[in-house]
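Lettered A, B and C in written order, each chain numbered from 1.
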Amino acid sequence: MDVFLQTLVAGILKGGLYGLIGIGMTLIMGVMGIINLSHGQMMMVAMYVTYVFFHYMGLDPYVTLLISMPSLFLLGMLIQKYLLNPLIRVESILPENQVLMTVGIGMVLTEVARFIFTSNYLSVRTTYSTAAWYIGGISFSQALCIAFGLACTLTLALFLFLIKTDLGRSIRAVSQDAEAAELLGVNSDRIKVITMGIGAALVAAAGTLLLPIYYLFPDIGGPFTRKAFVITILGGLGSTVGAIFGGVTLGLAEAFGATYIGMDFEDMIGLIIFLLVLVFLPGGIKTLTKV
Amino acid sequence: MAYFEAKGITKFFGGLAAVNGVSFKVEQGQIYGLIGPNGSGKTTIFNLINGFYPLTKGEIHFEGKQISGLKTHQICRLGIGRTFQVVKPLKRMTVLDNVIASAFLHAGRKHEALKLAEETIEFCGLTAYRDKPAKSLPIASRKRLEITRAVATKPKLLLLDETAAGLNPSELEEAIALIKKISASGITIIIVEHIMRVIMTISERILAINHGMVIAEGYPSEIASNEEVITAYLGEDYSAQS
Amino acid sequence: MKRSYGPLLLLICLAVFPLIVRDQYYQHLMILVLMWAAIGAGWNLISGYTGQVLFGAACFFGVGAYTAALLLHKLEISAWWGLPLGAVVSVALAFPFGWICFRLRGPYFALATLALNEILRHIATIWESLTEGMVGILVMQTFVSKAPYYYIALVLAIASVVIVDKVMKSRFGYYFVSIREDQDAAESMGINTTFYKMVSLCLSAVLIGLAGALYTNYMGFIDPHVVFSLHNISIMAILVGIVGGVGTVYGPAVGAFIMVVIDELFRSGGFGLLAALGKTMQWPFMESVTKYVSQAHTLVFGILVIVVILYLPNGVVGDWELVKKKIFFWKRQTV
């Protein structure tokens, strides 16, 4: 029973972080219709930024959040402005140019990271990396709990931003109907750039928060992009609430898979869930709950 | 047994009935018109006949066979062809290739398909555009291509969805002439149209629908003087006459 | 009617190549070019012509490669039987593959093929009792010289181009492109789109699977990381297709040549030029530069993807007019 509860807790906490990854991606998908296969690689960049500031300046990762989020925001904006927005005007026979472009971007990000940092596994170990709080015999990893808390805060902030601010409303408008939004005076190109920035910033936060309890190497981007997918699809494309549920679901699935089946299968579980959901539930959990 | 019959066809999208209990019969060789204001369910009816949407309720019979539930390509094979309201040219293919692709339904070999395509293109008056890529065609010719492609599948029943929309007066005359020519060759036609002049002059019988339900059925003259139809169309009549 | 002698001339050159160029290194490169021409042709059929973009070509390549390897390793039958059997197994894979993926449109199809690629790679790695996992399988090479392999690859490459050409001129070709241009219109024209998408996929699977089986026989060693590789097989296949020209008959062959040259250019540090330069100029840093350059090929692939999509989306063959203009422009500048 203890093992079960332990796994449950670990799954939910991790799921909160996963939700953050998923929200970024689903926002991008909802607003631009872009499938960003470099999402995990952007997270990797944030993680390297966090590592650098920890190792060379002794900055605690939670402080580096204030650096990694804006830098990835900028990176996301640049990518959208110079590489993705222009694609709309490109005349090509190949239908999936945009997905392919993000694959290329992901590859470039990974290889540049490899060039600078080599393929070595790096880690950031802080006082709270391995510390845990104990409630009733169940250990609550401190780092995960703080990460979960910060993830919830950021998610809440995002919701408030989308609902209450003008910019947020513009973003929602473009995600519903870009043409109509343009007719109402919204510069949809600019909105797309900003949205990609926001998505990148969110996944940067997830990366920074995850680093103290994870490890880092250039190829970490790929598996996380796939996880982002699973989360997004599980939660229903474009649904930010769904992404949270998707994140928790994946977190739980991975935790239970790791405990009861084996560590090797972590990636596979994600992939199989992904395929199953794509095949049987094209609308994601959203269609089940009719939200 | 009528040549084509729709019995109580109904289609629900979520809680909304786009088409509700519509029934009508079409005789062989007729030109049967379908009118109704925007959003009344006309294109949905076509999508139901064509197999794009499954029926929620009701049956569709063609030449004595039940076709509701069949896949779109099977329905085409049985002899029902269709044009789309928003035209779907195969953009990166030439007009000739567009029609050859259609012609392959009934022509086994490439040279047969080529011959059928050439004949159909000539019949429909598109010979001038034969080797042009479909994406370079102006709207009137795209609509004509849409019809040509459908005719090349040798349909017995042709569903025409707003083929006259967006045409200027001379193009309109040509479109009407083409439709009459197709009918004269023995093909039964069900035509959806907004432009009253077109549908009133060429239809033999007309079905008027609103909010997915039948409001009137009869000869053009009857429909034109029908109270409910005029109410549903108040205003539309004026723009059609001009 | 004007007879074009270009292809015939090229054919003759290709046929006598191994007799004239004896250096095994260049023969190896040409074999790679021919193999990629076949893979590219297969990819192009389903992705370029039928519009269902395959991001997981390695699925069929790996399956073909393992069929050949396992025939020898487990059943002690010559790995050459892997060619016909690899094609069969690839087609068999195409059925569930298509069943899963074709119900999805556009980018979701591409994603599903990517997921399948990764799943197959994981399965091959984990199922050690069947595939020996990461240890890989060693196959004794039948021939010492490269020439026989070259000719088999040449036959495969030519067959691929010819098959694609013939198919595209037939009813299948028209149907494939119709599906690509507008699937709904195609259905309304009486085309059974599910069936024809499957046919296209099976044909592609055969060509790619055959290349995989050939790879096993030629290289003599395979493991999941190599033959199911996302970057070195699946993305490479896409690059061969887009650099050469999506939806053209000769595109994949041109793309194969360009991509193998570029890949080898980086892998060998400019065909050894960088190292030679370092030696003659006594620049010690050239050694590490050469090392970096040789490891940069994935980076180059990534950059190439970005650049080609933005500036040459229809490839060298598809955007030939654009390429000619650029070359012309450059020529005029130097005059």
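Just a few scattered comments:
The working rule: a residue touches a chain if its C-beta (ideal position, glycine included) is under 8 Å from a C-beta of that chain, and two chains touch if they have at least 3 such contacts.
As the structure is a computational prediction, the values presented were derived from the model and not from experiment.
On a Cα centroid basis, the chain most remote from subunit A in this structure is B. Relative to the centroid of every protein C-alpha atom shown, the closest chain centre, again from C-alpha atoms, is found for C.
Here the spacing of subunit B and subunit C, counted between their Cα centres, is 45 Å.
Between the Cα centres of subunit A and subunit B there is a gap of 48 Å.
Chain geometry summary: the mean Cα position of subunit A and that of subunit C are 32 Å apart.
The set of subunit A residues touching two or more other chains comprises 93.
Within subunit B, the positions touching two or more other chains are listed as 92.
Residues 50, 52, 71-74, 76-77, 81-82, 84, 88-93, 97, 100-102, 104-105, 110, 113, 149-150, 153 of subunit B are the ones touching subunit C in the complex. Touching subunit C in their complex are the following residues of subunit A: 35, 83, 86-87, 90-101, 103-108, 110-112, 115, 222, 226, 229, 264, 267-268, 271-272, 274-275, 278-279, 282. Only residues 169-171, 174-175, 177-178, 181-182, 184-193 of subunit C touch subunit B when the two sit together in their complex.
Residue ranges on subunit C touching subunit A, taken from their complex, read 47-48, 51, 53, 55, 100, 103-104, 106-108, 110-112, 115-116, 118-119, 122, 126, 180, 230-231, 235, 238, 242, 246-247, 292, 296, 298-299, 301-306, 309-310, 313-314, 318.
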